[in-house]
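Look for chain A in each of the two complexes below; its partner is chain B in the first and chain C in the second.
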Partner chain A sequence: MSNQIGNYSLYIALFSSFFLLFHSSYSIRNKSKSLDSKIFSALSVQTFMVLISFFSLIYAFVVSDFSNVTVYNNSHTTKPLFYKISGSWGNHEGSLLLWLLVLTIFLFIFFISSKNLSNKYRIITVLFQELIIIGFLLFILFTSNPFLNLFPIPKEGTGLNPILQDPALAIHPPILYIGYVGTSIIFSSSLAALVCGMVNKIWAQHIKKWIITSWIFLTIGILLGSIWAYYELGWGGFWFWDPVENVSLMPWFCLTALLHTIIVLEKRNIYQSWTIILSIATFSLSMGGTFLVRSGILNSIHTFANDPSRGIFILCFLFLLVLLAIFIFFIFQKKLFKNLVKPLLVSKETAIIVNNWFMMFFLSVVLIGTVYPIFLEVISGSKISIGPPFYQKLMIPFLVPFLLFMALGPKLKWIKDNLGKVNLNQIIPFILSIVISYLIVKLFGISYLFILPLFAVGFFLLFSTIKDFFSKNSSLPQKISHFAFSLFILSILFNGIFAKEFSSNMKVGDERKFINKVIKFENLKIIEKDNYKSLMASFKISDEKRSINLNPEVRVYNQPRTLTSEAAINSTIYSDNFLVFNVIKDDGYYNVRYQYKPLMMWIWFSIILLSVGGILSYLKKND
Partner chain B sequence: MYGKKVKLRAFFILLIFLSTALTIFLIIKALEENVVYFKSPTEIKNLSELDSKKIRVGGMVKKSSIKTNDTEINFVITDFKNDLLVSFKGSVPNLFEEGKGVVAEGFLKDRSYLKAVKILAKHDENYMPPEVNEALKGKK
Partner chain C sequence: MIKKIKFVIIILFFSFIFFVFFLGLDKPNSYLPKKNITEIDTSLVFKNLYDQKEIVLGELISKNSFSIVNIWASWCLPCRDEHEYLLKLKNLNKINVIGINYKDKKSNAAKFLLDLGNPYHEVLIDLDGTKSIEFGAIGVPETYLINNKIIVKKYIGPLDQSKLKDIIEIIKNEKN
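Up next, the complex of A and B:
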């Protein structure tokens, strides 16, 4: 029953999309002004219908209705209720339905929250957004319908990949999708603003809220994904430069650049074309990300769908959208009011252009690192992979000037500032940070080339943002976010340099020495749970001062039969002790990996603080 | 003389062009040094000369080939045509099992022995790295 409801409501939503498409183009042509109500009701119908279809999918998952193919493939009766619900978006079909849901809800919110802006602009935004919605509706209905019937009805489903049965990963897709889909509103409305010739301060003020919203959700979404990878994948790291991770980072770079540029547009009314280009690029990267992840082209741990036709559809659709956007850009670009920009003056707008340059540089590095292997395989057939050294090598040297500009930029005034003044003010923290980093490097005998300057600029950013908290000349959200970023870089540095890792094969009762610690494998017991069996080990890590107990698990899930290992993590504000073990073979040996990771909590904390900056900036009244 | 606006624009375009060129140059240089090639045991057997660079080898873990001692894990990667012995010190992912797909990253000592520094296995019981899938095509 829920299958039919879900399916038909999607068709109604498609119908209202077409209605909106024709109606809005009709009303633009006739320049009518009082058509709000019709568009409003069509939008409400559409949002409501997609909502119903989404809930009927959740319902099917909750009651384990195995007449639904998607439920059959991804659920199981013994699964806990929470994961039955999250299972509805943990698969290809359901996750696209979630995309669509966020698309329609966002458009609806956009429409009711933009009443003070011109009707033409609102209607054109609806028009572009409906184009995207139609694309997704067609995609869902014809290539990945979540409401297909299965007959005869099976008694039991095949279950959700146990690695996805995790609280962080249950909420990770919705949060990330809100970030991704938020960029669609930015895309549509910037094209609409371009067509209406209103790329100006008022528009910037209005769209800034959407940019910040997407940015916050994207940031938190990426954070959740990397926390999950940290404790679930058992590698002990938080970022692997895996293609799927990179795909979420690319729109983030673009969005961060846009976040800064829009402030310039708002305050100074310059960089109009650049803002539009960034909006288009951000959305293309979000969509391209969905395409790459969903197509199964990427060789990654997250590849779920492996049906190339799906990928091709998104690719063609994206290609058409981008083509349309570029076409519109070149036609209407002449309409933009051109303020003469004086480059290379010492000013805030120049600092923001510098920020944008770095963002685009990081973006190109990640983009090429992710896409190059795919192209090479298509062209020459040789298979390659690009690992962390590639990214580190290209990014670390550029982080030094980047952080320096990040500390100095916000202190500059708009239009024109004086360099001499800035220098004098900054000399004390600068010397202090150099001394501190020199001491750290000397004391611990670090010999990497870029560590000293990186520490120095990291500390410099930290000190100068702390100092800024006592002055009043720049905004609080900016200070918090830049401060958080300096914490982030410093924690990563400490974490990377002082992390210690030990791995060995151990039998129960074995003891190993590691630096000043003793690792003892005390015992192993088997615990039966509802949908899995758990091998729970007990390890004792002790040094001269204290000892801690760690209880990692290996879980054997019955549906589908899968082994997962649950790392045992002992977190304090100073460091994490991370231990994971694996069954190799039935010969008594267990593969044990122990890691000591300093300041791990601070990495998570600093990202949360970074988004707090975003939230404050969202709440701030326009001045 | 050209107007101020034109000059500015030319300057801007030049700046963008230069920085793009710099970016591309750096990326290509880093790519050359950090690319890891993926090979199957058969391809390794047919190599004309051994490369000292890091490579990845993909295939299946041969049945009853895993041997463990206190520090090392030894096993055989097979593509059902040729075998490659792998020795590894370190930790393995939880789907590392006999008869399952695996990717080993490391340095070739000769055409039948790899000293691995990293073992990768995928987190899906049915999942096979596309490379492995391809290497195994028609051989099973």
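Up next, the complex of A and C:
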């Protein structure tokens, strides 16, 4: 029953989309002002219908209705309720339905929160957004319908991938999607603003909230995915430059650049083209990411559904949207240049442009690293594999000037500033950070070329942002976010340089020495849970000062039968102790891998702080 | 005028990207390469994982019968999944299974095989990954079914029940 309800509500939503499309183009032509109510009701119907369809999918998962193919493929009666619910968006079909839901809800919120702006602008935004919604509805209904029937009805489902049974991953997709989908509103509304010739301060103030919202969700979404990879995949790292990870990072670079550009537009009414192009690019990259991930064109550890027909659909759809955006940009571009002021070289405006160029550089590195192997294979047939060294080699040297600009840029004034005011106050932190970095490098005998300058600029950014907290000339959210970023870079550096790893085969009762620590395998017990059996080991790691207990697990999930290792992680503010063990054979020995990771918490913490900066800026009243 | 040229260039650029991706979608994940480029380079020299002795690949490939070359690494999770199928292949006793250890630490690789069992008759090292590229590999795991220097079929991604069945059937058909 829920299958039919879900399916037909999607058709009704599709119908309302077409209605909105025709009605809004009609009302633009007639320039009438009283049609708001019809658009509003159609939008409400659409949002409501997608909501119903989403909840009927969740319902099917909760009651384990195996007449639904998606439920049959991704659930099982013994799953805990929480994972049954999260299972509804943990698969391809359900995740698209979630995407659609966020799209419609966002449009609805946009419509009711933009009442003070011109009707024409609102209607054109709805028009563009409905084009996207129709694309997704058709995609869902014809290539990945979550409401397909299965007959005869099986008694049991085939289960949810156990590595996806994790709280961080259950909320990671929705958060990331809110970020992605938020960029669609930015796309539609910037095209609408372009058409209406209102790319100006007022519009910037209005769309800034949406940009910040998407940015916050995207940042937290990436963070959650990264935390999941750290805890669940048990590799002991937080970023692997995997294509699927890169795909979420690319719109982030674009959105970060946009976040800075929109401030200039709001304050100084310049950089209209930058704003529009970045808005288009951010959304295209989000969509392009969906294409790369969902079409199976990439080979990655995150393997999703491999279905070329889906790929062709998204590709054509994306191409049409990009073409549309380019056409509109070129047709209405002349409306942009009315009040073009050239910014002076030494000013905050220029600093933000410098930031944008750096973002574009990092974006291109990641884009090339992700897409180039595909191009090369199609054009020449040869295959290459691009790994972390590529990204590190290309990005690290450019991080040095980037961080330097990040420390100096916010101090500059709008319109015009002079460099003559460099004084002792700024030179002292600079010298201090060089001395500190030199001591670190000397003390620990690090020989890598870029470590010294990286540490130096990292510390410099840290000191100058701390100093900024005592001055009044820039905004608090900016200070917090830049401070967080310096923490982030420094934590990564410390983490990368001082991490240590130990690996050995041990049996219960064994003791091993590792640097100044003793690792003891104390005992092992078997625990029965609802959906898995657990082998829980108990380890004690002690040095002169203190000792910690770690309880890693090996889980045997029953549906489908899968073995996963759950790392035991002891996190303190100084370091993480990471221990994972594996079953070898039946001779009582277990493979034990222990890692010491300094400042791991600070990486997570700094990203959270970065988004706190975003949240504060969202809450801040417009001055 | 300049605006028009810009416009055309941008449209052409995106169309180019579109077509590349479009063609890219057509590329299936496991395929039969054309006959003349299917030969493996038997002159490649590898080191053995355990004793570091240098071995020419040609000496390992069975003449007039099938061999399996599997590219793997201890850090690769899907390699763990496919391990049981490799063990099954070895247990068939009809086929020579060669493992190429890709960009790995020797101690980790040896431990991996000790822990999970060694499905290979010979384990070779490809420390920097360049030899696997000469093989035409794009990642791990990858499995090549080879008959007397010729790549009969290439499997990208972990082996599973259906791929295993496929391999066994190809061997059977050829024998008949």
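Just so it is clear, the second predicted complex is superposed on the first by the 598 of 623 C-alpha atoms of A that agree within 3 Å, B and C clash if a C-alpha of one lies under 4 Å from a C-alpha of the other, contacts with A are read in each partner's own complex, and residues count from 1 in each chain.
As a working rule, contacts are C-beta pairs under 8 Å (C-beta built on N, C-alpha and C of every residue); 3 or more make two chains touch, one makes a residue touch a chain.
Since the model is a prediction, treat every value here as computed from it, not as a measurement.
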After the match on chain A, would you call chain B and chain C a fit or a clash?
clash
May I ask you to decide whether A:Asn505 touches chain B, chain C, both, or neither, giving the answer as first, second, both or neither?
both
Can A:Ser565 be said to touch chain B (first), chain C (second), both, or neither?
first
For A:Phe319, is the partner it touches chain B (first), chain C (second), both, or none of the two (neither)?
second
Per residue count on chain A, the busier partner among chain B and chain C is B
Considering only touches as defined above, state whether A:Met601 meets chain B (first), chain C (second), both or neither.
neither
Tell me the contact category for A:Ile384 with respect to chain B and chain C: first, second, both or neither.
both
For A:Ile374, decide between first (touching chain B), second (touching chain C), both and neither.
second
Would you check which partner chain A:Ile134 touches, where first means chain B only, second means chain C only, and both and neither mean what they say?
neither
Which partner does A:Phe330 reach: the first (chain B), the second (chain C), both, or neither?
second
After lining up the shared chain so the two structures overlap, which partner does A:Leu476 touch, if you call chain B first and chain C second: first, second, both or neither?
neither
For chain B, sort through 6-14, 24-32 or 132-140 and name the stretch that clashes with chain C after the overlay.
132-140
Which chain A residues contact chain B in one complex and chain C in the other?
233, 235, 299, 301, 303, 383-385, 503, 505, 582, 584-585, 591
For the chain C and chain A complex, residues of the former touching the latter
3, 6-7, 10-11, 14-15, 18, 20-27, 29, 75, 77-78, 107-108, 111, 114-117, 129, 133, 136-139, 156-157
Sort out for me which residues of chain A touch chain B in the complex.
161, 163, 233-235, 299, 301, 303, 340-343, 357, 361, 364-365, 368-369, 372, 382-387, 389-390, 393-394, 503-506, 554, 560-565, 580, 582-585, 587, 589, 591-593
What residues on chain A touch chain C, complex-wise?
233, 235, 291, 295-297, 299, 301, 303, 306, 308, 311-312, 315, 319, 322-323, 326, 330, 333, 373-375, 377-379, 383-385, 503, 505, 582, 584-585, 591
In the complex with chain A, residue positions of chain B that touch it
4-5, 8, 11-12, 15, 19, 23-24, 26-27, 30-31, 33-38, 56, 66, 68-73, 89-98, 122-125, 127, 129-131
